Each structure stands twice: as structure tokens, then as C-alpha cells.
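Presented below are the structures under discussion, each in the form of C-alpha cells.
One chain, chain A, links the two complexes that follow: it is found with chain B in the first and with chain C in the second.
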Partner chain A sequence: MDAALIPEGAKRCSFPKFMLGIAIVGAVLLWGVYAMLLCWFKGLNQTNMNDYYGFALWIWADLAVIAVGGGAFFTGLLKYILKIDELKNIINFAVIIGFICYSSALLILAIDIGQPLRGWFIFWHANVHSMLTEVAFCLSLYFAVLTIEFIPNILENRQLNKVPFFHHLAHNMHGTMAIFAATGAFLSFFHQGSLGGVAGVLYGRPFAVREGLLIWPWTFFLFTWSAAAFGPCFTLLVTRITEAVTGKKLVKDNVVHLLAKISGWMICTYIIAKIIDTIYWATVTAPGLGFEMSHFYTNNSFYGYWILVTEVIICGVIPGILLINKTTRENHSLRLLAIILGVIGVCLNRWVMVLQVVAVPVMPFDTWALYIPSWQEVATTILPVAYGIILIAVTYRYLPVFPQERELNQSKAQES
Partner chain B sequence: MFPFNFEWVWDIGHYLFFGGFWYAIGILGAGMTYCIAKAAYDTVKGSQDNHH
Partner chain C sequence: MQDKKAHKFGMVIDLDKCTGCGSCTVSCMAENNIPFKEDESDKKDSITWMRVYKLTNGKSFPDTQTAYLPRPCQHCGGKGDHGHSPCVSVCPATATDYGYDTGIVSQIYTRCFGCRYCMVSCPYHARYFNWWDPVWPEGMEKYLSPNVSPRMRGVVEKCSFCYHRYQLAREQAYYNETDEIPEDAYQTACTTACPAGAIIFGDLNNPSHRVHQIVKPDPHPDPLNHDVVGKSRNPKVFRLLERLGTNPKVYYMSEKEWIRKVGDSYLDGEWDKMKNHHGSASHD
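Right after this comes the complex of A and B.
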């Protein structure tokens, strides 16, 4: 039915089977859209946020998708600026994942601000003293960059590419992509950093506050670094999931090994910096503000030392070591374990820096403020996942996302 | 956002924030304008390049 749109030489499932899959995920999407409309029409009383918990599940989801979406800017930097040519075989998919992550982040923000009709105020009436204004600027502009990076891939669709203007436009955009990628890397550096900077300048929150360099707290640099380190893990993880679902090999091992190796070294350097930062904070910063480290990890039913050990050791040190070691990196199962741990690690870091920060009591009369999200918050957080699955399914079906797919599956096709 | 907005002040904050903002928009806008204009020119000229 849609054979004319499918990339030449590529095998795809039947159209009814494809539509059945889309319908199942689409039902989850509609559940999220329903919750989103409830939040828009009835207001933020649909959530379990309160004056204590102004930052909740959405902001964690926002920071997490932005962190894992960092694979797009970092892979773009490696491919277009540092000229690592092998990565051309995964850059399209990295861009699509980045596009999904950043559009999801903007969608979540549109729900979180409560009055989306006033979303443009952040540009028109900008508060130039706020790191979040800078985040909003860079986030929107970087989403524009990702859209620009995504357009050539869309224009390479079998039918669209027959239109001479689209064919030339895709070609010209490929030719100038380094400029867009450089702009994207610049914007990403600042918005990833400023998201960390927001936590680092919370002087009333001793769990988050950090010293730093000039106006930037150390968390500024740690957030950018961690996004560049763990973002490629997410790209590799989604690639692996796509391969498992389609039953095809889509990217050659040498490309995967290379990206995993770069990610491994980035994780190792990041985690060393993170450990130094944590030790300094625990021994100098927090005591200087009148708090012992144990204050942040005891006397509550959820946040214990386990979360610190899981984030830094299990989901930081271990994946880093597994990915820099050639033997473990090239072992399929261990590499998969490492990238899963890495993705969990960066998401856990964002959880700690958003939710644990506001949960910790700071006044003598305060108690731990634990929070459970409402179903509307959960549904709207799952909404981007369903949207991402649908967009990946559609792009995989109709666009030449993986340049090596045909070559890698040719022998298989000949056999069948 | 613009100097004609009532809250606009010519201070370092506005220079940095909006300087960066308009600079980035300028690069993206100029880049896309170039690509679109060249694609239109190539289409009219009828050049046939198939190497991406």
C-alpha cells in the first residue's frame, strides 16, 4: 500500500501490521494527551505539586530527556567539527533521537508552565538575570537546529527526493551542516550547563549549592559533561532496541564500538570530576553551611546512601570501565549492560538534582517532603515516550535513516 | 526582546542574552536562506548532482 514511500531496497513489515503497532502505542499517546488537556483546561491542581514541590516529575523528565538527547549535539560535534567520518552511519538516528528528546522537553514545559498561551512571554518579557531564561532561549534555538539537521533526512524520502528543489535543498543543507552543528554544540553547551547551574546557585538549598568558576557553579560543567558522556549511550541503546524490534542489523559494529569507546572515556573523566565534586561538597561546602553529609541521606523512607552509590558507582564507574576496556566494550552483552547503566545513571543524577534537592529539609522545623506524582503527571511523562516510539517507527519505515542497513541485510535478503 | 519593548534596558544583561539570541538566530537564518536560495538556483539551472 505504501511501498512507493519505503526506501529503495529496504524490507519493511506489511502496512496493516505497521498500523496495528502505531494504534497500540497511539492509545498510550492519547492517554497522555487526555491528561495534558486536563492540566491545560483544569489547571495545575491536577498534579501533586505544591508550594514545597514546585519542581516535580515533569522537571526531572525534562532534564532527563535533555541529558539523554545530548547524544545528538555530541555526535554532531564529533562528525561535523572533529570530522570523525564513521559516525555518518549513526548521525541521522542520533539527530532523530535528539529531535524527539527536545520536542518532548518543550512539550513538557508547555504543560508545566500551566498557561501555555503565555509561553512566549519568556522571550518577549525575558528576565535577563535568570539561568532558566538562557535555558529557554538555547533550548528553543537548539530545537530549531535539530529540525534543520532533520530536514535533509526527510527530504531524502524516495518520493520527496524526486522533486528537484527538495533534492538540491537536501544536498545544500548537507554541505552547510557543519555550521548548524557548531551552532548546536554552542547552544547545547550553554543550556545543558545552565540546567546544572540552576541547581548550583540555590543558596538556600545546601544539598545542591556548589562553588564554581566566575558566575558558573561546578554543576554547570558537570551537567554539560554528563550529557555529552551519557547521551551517546542513549543513542546506542535506542539503536539496539530498534535492531531488536526490526530483527535487523542497522549499524556496523565498528561504528558502535567507536561511539561506545568515546562515550566510555567521557564517562570516566566525568565520573572522576563528579567524585571530586561530591567529596568537596561533603567535606567542605555542606559543613561550611552547617550540615553534615548524613543529614541528606538519613531520617526518611526513600533517600539513603544507596542513591549516591547507585548513581556514582554502579551507574557511573562501572559503565565507564566497561566501555573503555576493549574486551568488555566489544562483548555484546556487557556493552548493552554498560549503556543501560549509563542511561539510568544520568537519569538518576537529574532526579537527585531536582527532586532530592527539594525533598531535603533545610530549616530546623522542616521534615523531609516526599512526593508521589498524580496519574496526570505520570501520563504526561509517558506521553513523550509513546510519541518517540511512533516517530521512530515512521522515520524508520519511510526514510533512509541507516545508510548501512541495505549492505548489512543484503545477504539475509538473498538467503530468504 | 526588542529595544522598543517597554522593559528593555541597554545593560550588560540584555547585551549578553539578546546578543547571543539574535546572533544564533542570525546564523541559522542566514544558513537556511543560503541553502534555500542555492537550491532554487540549482533547480532553475538544472544541475544534476547526486552525491550526498
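Right after this comes the complex of A and C.
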């Protein structure tokens, strides 16, 4: 039915089967849209946020999708600026994942603010001292860059590409993509960092506050670094999931191994910096403000030392070691384990830097505040996931996302 | 008319006088058109610009002692007292501002778009979000103050040190053809409502005002922590979480050491070393 739109030589499932899958995920998406409309029309009383939890599940989701979406800028940097040519075989998909992540972040932000119609005030009345202002500007601009990076891939659709103008436009855009990749890397450095700065500048919150360099707290650099380190893990994970769902090999092992290796070294260097930062904070920064480290991890029913160990050791050190070691990296199961742990680790880091920050009591007579999100918050957080699945399904079906797909699956067919 | 000299309005709350009656909270809500919920049992989303905390010395009977600590917005001057309050510095839309002529941290309701970053930045929980549309029982809206705008759903609000009263005092001064605002011409609602006289309000920069005389603010940075400015030279006076460097303009006073200690966090054994340090005067 839609065969004319499917890339030449590519095999796809039948249209009814495809639509059935879209309908199932679409139902989840509609559930999220319903919750979103409730929040917009009835207000944020639909959530379980409160005056202790001004930032909660949504801000975590924002930070998490932006962190894992960091694979787009970092892979772009490696491919177009550092000229690692093998990555051309995964860059399209990295860009699509980035596009999904960043559009999701913008959508969640639009739901999260109390007065959505005033969202533009952040640009109009910008406070140059606020990290969030920097986030808003760089995030919006980078989303524009991602859109530009995505366009050539869209124009390569079999039918669109028949239009000479689109064909030439796509070709020429590919030629200038290094400029956009450089711009994207520059913008990403700042907005990923600013998101870390959002927590690091909170000098009223001893759990979050960090010293730093000039106006940037150490969390600024740690967030950028961790996004570059763990973002490729997410790209590889989604690629693996797509391969599992489609039942096809889509990217050659050497490309996967290369990206996994780079990610591994980034994770290792990041986690060393993170451990140094944690030790310095626990032994110098927090005690200087009158707080023992134990204050932040005891006397409550959820936030214990386990969360620190899980984030830094289990989901930081271990995936780093697994990915830098050739044997474990090239072992399919161990590599998968490493990238899953890595994605969990960076998401956990963002959780801690948002949720735990506000959970910890600061005034000596105050108490821990714990929170469980409402179904509306959960539904609106799942909404972007459903949207992402649909967009990946549609782009995979109709666009030549994976340059190696045809070759890999032809050889597979020949072998069988 | 512009005031020629910068004010620095602040407050001293005598915790030994406070009985925890809540008059300050009630008067604040009435004065500032603060809406309330039908069910106010969940205090984590109730709007109480002036919230009264109950303190205890943590000892068991018969040594138990309690005290009450009213907590308005602390109107922080920020690190080094340069006006970069925790909340002001983070607001992305400049919807909260530091008045260098008054020391008051303002909130511009019509500019706030409800990101709540300021609430996260405030360690005192002095900022409140309007989770619901503001409603009052039928007929009660007729008693709203015409001097204070009610806030809409989806924005943050907080204690303004009854800024509208300052505006009225300035108008009166203008009418009287004077630059001076007498101490009693500008007093917050909580100050005037406190039956025990526990709240004292005035200009910390004006030596004739009681707050200045009680606090004796040290104009120099604290030698132990250069972020701290305006530390009290009165050994009975302290500020909440002073070590963070937020530099609040709300001071607390108590004869009792355990109350003064509960105002900040200290490592084991640290309090005994720090309790006698009260601004540069203590080194004289």
C-alpha cells in the first residue's frame, strides 16, 4: 500500500501490521495527551508536586532526555569535526534520537510551567544571571540545529528525492553539515552544562552546590561530559532495540564497537572526575556549610548510600570498564549490559541532582520530603516515549536511516 | 519623590516572646489577599507567607523545651550582600527582583511564568506556588485589600514585607513634603498584629531604628566566611542558615542557646567554637 515510499531495496513489514503497532503505541500517546490537556486546562494541581517539590518528575525527565540525547551532538562532533568516517553509518539515527529527545524536552517544559502562554518571557525578559536562561536559549537553538540536521534525511525519502530541488537541497545540506555539527556541539556544550549549572549554583542547597571555574560550577562540566559519555550509550541501546524489533542487523559491528569504545573512555574519564567531585563536596564543601555527608543519605526511607553506589560504581565504573576492555566490549551481552547500565546511571545522576536536592532538609528543624508522582505526571512523561517510538517507526519505514541496512541484510540472505 | 538614602528593611523576631499564636500568619493572609484551600491539612501546598515552625530542644520530659519560629521571606541579600539572592539570581525571566533602595526581594506576578526554579533555590521554603485558582468563600472577596493584587494560578508568590505599606508611607511622606519615612509609618502587618510584640521591623541602615539598635549589623564581611555580611554583633541575635551566605534580613533573637543553635547546621563540636563569634565587634 505504501511501497512507493519505502526505501529502495529495503524490506518492511506489511502496512496493516505497521499500523497496528502504531495504533497500540498511539493509544498510549493519547493517554499522555489527555493528561497533558488536564494539566494545561486545570493547572498543575493535577500533579503531586508541592512547594517542597517545585522540580519533580518532569524536570528529571527533561534533564534525562537531554542527557541521553547528547549522543546526537557528540556523534556529530566525532563524525563531522574529528572526521571519524565510520560513524556516518549511525549519525542519521543519532540525529533522529536527538531530535526526539529535544522535542520531548521542549514539550515537557511547556507542560511543566505554570503559565504556558508566558513561556516566551524567558526570552523576552531574560535574566542573564540565570542558568535556566542559558538553557532556554541554547536548547531552542540546538533544537533548530537538530531540525536542520534531520531535514536532509527526510528529503532522501524515495518520493521526495525525485523532486530535483529537494534532491539538490539534501545533497548541499550534507555538504555543509560540518558547520551545523560544530554549532550543535558548541550549543550543546553550553546547554548541557547549564543544566548542570541549574543545580550547582543553588548555594542555598548544600546537596547541590559546587564550587567551580569563573561563573560555572563543576556540575556544569560534569553534565556536559556525562552527556557526551552516556549519550552514545543511548544511541547504541536504541539501535539495538530497533534491530531486535525489526529482526535485522542495521549497523555493522565495527561501527558499534568504535562508538562503544569512545563512549567507554568518556565514561571512565567522566567517572573519575565525578568521584573527585563527590569526594571534594563530601569532605570540603558540605562540611564547610555545617553538613556531614551522612545528613544527605540517612534518616529517610528512600535516599540512602545505595543511590550513590548505584550511580557511581554500578552504573558508572562498571560500564566504563566493560566498554574500554576490547574483550568485554565485543561481547554482545556484556556490551548490552554496559550500555543499559550507562543509560540508567546518567538518568540516576539527573534524578539525584533534581529530586534528592529538594528532598534533603536544609533548615535544622525541617524534615525530609518524599514524593510520588501523580498518574498525570507519569502519563505525560510516557507521552514523549510513545511519540519517540512512533517517530522512529515512521522514519525507519520511510527514510534511508541506516546506510548499511541493505548490504548487511543482503549478505545475511546470501549466507542463509 | 525618590528617597535619597538606600534603606535596608529588616526584621528581628524575639523567639522568647513568640507564643506561636499565629496572629502574624492570619494578619499576613488577610493583608495580602492570600487564598486558602477548602482542606488546608496538607501544608506542603498551602500558601503561608508567614509560617510558624515549632522548635524543640530534642530532650525528653522534664527537660523538654519548645519555641516557635515565625518564618517570613528572609529577603536575602545574597552572597556578599550584593543583591544576588538565591531566588533572584536564578529566575530566568527577571520576575523576582532585588530592590537596592529597600533591600526587599519583590515578586512580579504578571511576569512569573511558573517555572518554580526560585522555590527550588530557597532553603527557607518561603516561596509558594499557586497550584489552584485563588478562591475565597462567597462574600469574603469583598474584604480583599485593594492595595494588593491577588495572584493567578500558575505563578509563585511570597512575603513582600508588605511593600504596599511602604508605597503608602512614601506617598504620605511626599504629601508631607519630606524625604524621611518615620519608623512607625512603615510597619508590616505581622509586626502590628503580634500581640506579644515579638516582631520588630525597620531600617537596618538607620541607627535610630530599633532593628538596627538590636541587631547592630556588622557592615564588614565575616572574617570566617567572606560571603556573610551584616552579621549581628549582638550575641543573642542570629540568622537562619547564616553559613550558606544567603544574608537574610530577618534576624532572630533568643536568650536560649539551644534556640540559637537550631538556626544553623554545625558539625560535631563546631557550635562551641563558633557560638561566641558575633561579627567584627567580637574581635574588638
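Throughout what follows, the second predicted complex is superposed on the first by the 410 of 416 C-alpha atoms of A that agree within 3 Å, B and C clash if a C-alpha of one lies under 4 Å from a C-alpha of the other, contacts with A are read in each partner's own complex, and residues count from 1 in each chain.
The definition used in the following text is that contacts are C-beta pairs under 8 Å (C-beta built on N, C-alpha and C of every residue); 3 or more make two chains touch, one makes a residue touch a chain.
Since this is a predicted model, take the numbers as computed values, not measurements.
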Touching partner for A:299 - first (chain B), second (chain C), both, neither: neither
Which superposed partner A:183 touches (first chain B, second chain C, both, neither): first
Touched partner set for A:174, first chain B, second chain C, both or neither: first
Larger contact residue set on chain A - chain B or chain C: C
First, second, both or neither for A:206, with chain B first and chain C second: second
First (chain B), second (chain C), both or neither touched by A:283: neither
Contacts of A:52 with chain B and chain C, given as first, second, both or neither: second
Chain B versus chain C as contact partner of A:131, first or second or both or neither: second
First, second, both or neither for A:159, with chain B first and chain C second: neither
Which of chain B and chain C A:358 touches, first, second, both or neither: second
Chain A residues contacted in one complex by chain B, in the other by chain C: 124-126, 129, 133
Touching residues on chain A, where the partner in the complex is chain C: 43-45, 49-55, 112-116, 118-119, 121-122, 124-127, 129-133, 136, 198, 201-206, 287-292, 295, 357-358, 362-366, 369
Partner chain A, residues of chain B touching it in the complex: 1, 5, 7, 11, 13-14, 16-18, 20-21, 24-25, 27-28, 31-32, 34-36, 38-40, 42-43, 46-47, 49, 52
Residue numbers on chain A that touch chain B, as the complex places them: 123-126, 128-129, 133-134, 137, 141, 144-145, 148, 152, 156, 164-166, 168-174, 176, 179-180, 183, 186-187, 190
Chain C residues within the chain A interface of the complex: 42, 44-46, 53-55, 69, 79, 84, 86, 89-95, 111-117, 119-125, 127-133, 152-156, 240-241, 243-246, 262-267, 270
